[in-house]
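This report refers to the structure that appears directly beneath it.
A, B, C and D are the chain letters, set down in written order, and residue numbers restart from 1 in every chain.
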């Protein structure tokens, strides 16, 4: 989108800003075989996702190999994304701010909103285990800086060891109406989704982790899912079936995906590598290169990608150049 | 079994002791509502498992709430198990030794073998991060003490942070022919299973974690699986289909189980609680009490147990008193 | 002591039970060279500590190699301690309850109080990261079961990852007057000591970690210290100097000890090993055996024990048989 | 220095490149009260350190608040440092490369060497626990790219969870003569220092952690120490006394520092905050601002900085503008 006109009018006291709902794929970062960013491939991925029906996209997350990107690379690709979505009023571009220093996180978030970000995702600082007060101050300053643009708080205690608890998040949401949603990546996510809704200030959830627990999340009221981006068509179909009142069909398709998701999601490196192979086979990107340090897929893991494409290939057509 | 006659004859140099193969359920510990051990229930569970076709059982593991048992309770229940399997030449009783002190672990293992244990499972000491040399010494003394009885090494780096690597395990296996198998609970387990086999001293693997990755494990040569014990019939059917040369059928059944396994296995407390509800509903045990401290199942998690029983109830008949 | 008469009269609403104050050494567990418990040595250590002026002792802690003791061994040695202190009205015997299961922790605590324990130390369950609600329930049941006997809550987040925060502890202390003190082993402990006192329900602290931060702890109002037990005379002198209004002298002695404490406390295995060598050289115990798995002291670490005895030997006389 | 002429001639097979020896302070990053980098202050700190006799300096480390710096800020300040040391043939400028992606780490290291870095410090990638093979590949590519410039490998397993062991480091050093030293920040460091030297390919160590274990490290053969930078004069005096054959005097001074070091080093935030106050009081920097998220010093911690300056003020003169 880019204009925020509607969003801003929703920012008034008492009405929570709208969060990115539905299937919101996390963009991969394509690299050339020499390790340089393939910007054309990135644009092709964005365009493909919008073409198949995604109405929100997120960048950069762990699925984007965010740790392997320089500050400049992630800022530049974020801007490329925002240019691409600027004229699409129907598309929500969510840009993530994983910066450690509050100083930088607040400035980057403001810059991204200025450039047209429709929502900001924030990964709380976690290295060196900062005290919860300082993590809260980080979040509050960022929420204030981008108000009334909606903010998604990424809650991934296993990866980040963050000290944020449900009561703490609830108190934060009471003070900041633009805390629009929590991306729940705790294990298991279900009870956190329920606990966040069970409040006088209910907070909607977005489910991560490749949507492995998507049916449970939907049962509990999640409003969105942020999987990878190389087989978005499948997630969209699950979502549409659920919305169309056909949960049994949605579950059936999800269960077919589960052997792959539950295997690949055991290791971030494996799911990123598997997604890149799928994207390359579909013609979305020219190379499945992942930036080191990385755990390369072994033969068995590569075989599981082949099996996935055998099973779902007909539903995941090749993308022309 | 209890006699070790066959096992001992296999213990000669150059031939690895036979590991417990196939489906080897980990026994739950039934508690009465007041928290006391329900020994009758324990016996009923053992008898049921043997009746439905399990040819090996393991006790105690995390699925047995081993952390909540006193030394006396786990020793006593181990002995109850061994009495029950003593006359069954066709059944392999695997007893686990999670003791921290090498002094106690070696003595307990010897005692259990004396009492008829067919194999010993060893959880390496991990609290306070002991140096790898002392962990190896622990394992070597135990292997020597019970020789030629086969030993299964439990490899659960996420829970235990153990410093054991594949090369370390391989070197240990070269010196100890009764290191019969590794119970692989790393994430993902697949590449570890392959790496352990890809050696001049190939080491067979047993897969844990509720058999969530069972098809991949079988593809890679795993010789056994150690799930919980309340729906063993399903695992046995998957196993028999695979052995009968019907891997597609095996995968289909496993995929049907996966929504439940992949959800419950996110938290040890949840899968233990879910298994106990299933066991109680089937009439195996009188109470689904878990000893605190524990994370109680919430409504959504209880609903998933109901859904599981709706789906598989016909295949998991009630057990008469 | 053993009678609790005085303690119980203090247990009335509104008055916090008295915590063990001053220097409270944690008893080591002497082993014979073959690894068996040396009960005579244990009694000799207790008697020595009382003879040199300790008025409270604690058992078992990490310094007692508690992980390496069986349930029976720690129960038996606890009872030996309580027999030894039974007739000493001036001595506070603190017995620790590290049991994981609430079921066992509550019963053991009650048994120890029955046998004459003057105070109970509780290490909250932490393996498998139980939810904070269940840890609180564990503590509450134990506090109730032993009321009005004072309880010391061990707060060692680095070792145990416990989710207990200062506000949580404060709320617990408001409901349980016999939550007498917190043994603070967070790093750094100082701000936790201050935060626990800065409340309408001030909670006194006892400092652990070999008293490495003792002067800061005293400045902030700590009421006790729980170091090891092989050079208690030095800690007693620091304490008495401080109480006598000679903090500069206390600091000087403490600073002389600091090169050794700050080195040894980097690794639990090292300080336990170093303390055992000191105790053996002083004639307190017959062997410095530590139960494996353990990190053995290397030459440089042994040299530092020699240097310590060179420096402080005159102040730490040999103990006759 | 900047020329590498001498260094390069040492890079021949069989001779290890010379590591930065002696006292090598880690530069702090001064911030203005508004959070912006104070470049003038940074230059003032560098000049001061060279003026008081430091012959090597390191930037950026945890003591530089490296996590709070953007890529551009740390690159720019590194270049400022290298300009300042370019004409000083007697000064070794060590620049650290903490980048996660091998792609960026190698390029940055080459750029820094081109700009005159005399040695490169590398912090191995550790987030998401990359496999040891990929960490080794990261190090090997960097070592090759900057050859024959010496490289210091930062070994901080507690902060970084790195899987590097002494045998692994030894094998790496055998293949790369410019692996000049290991910065040992394991706890305890002593046995690692000894183990790295006890080899046919002895590897020298530099001690970190504020030099808290400096005497032990020197006893074991460490060749350097990397403390903070606000009271470098004290470390230089310890070092010179030791080199002058007066270890007792060196120990005495170190022991006087120990109450402060052992307290502050419990928390990276505290020692960074304390060092900044000292630097500000001495007139080195205009503000003691640390970038959030950070744990602010409490009253007791501030009092300990006052006590430090009371004790050592005469030895740490104010620095004129």
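Convention: a contact is a pair of C-beta atoms (placed from the backbone, for glycine too) under 8 Å apart; a residue touches a chain by one contact, two chains touch by 3 or more.
In this text, all values refer to a predicted model and were calculated from it rather than measured experimentally.
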Copy pair chain A, chain B: interface residue numbering same or different (half cut):
same
Separation of mean Cα positions, chain D and chain C [Å, integer]:
37
Measuring from the mean C-alpha position of chain A to the mean C-alpha position of chain C, what distance in angstrom results?
48
Two or more other chains are touched by the chain C residues none
Could you tell me which shape the graph of touching chains takes: line, ring, star, complete or other?
ring
Spell out all pairs of chains that touch, sorted by label.
A-B, A-D, B-C, C-D
Contact residues on chain A for chain B in the complex?
187-188, 190-191, 194, 212-213, 215-216, 219-220, 251, 254-256, 258-259, 262-263, 266-267, 270, 298-301, 303-304
Per the contact definition, I'd like the list of chain D residues that touch chain A in the complex.
35, 62, 67-72, 99-104, 125, 127-128, 130-131, 134-135, 137-138, 159, 268-269, 291-295
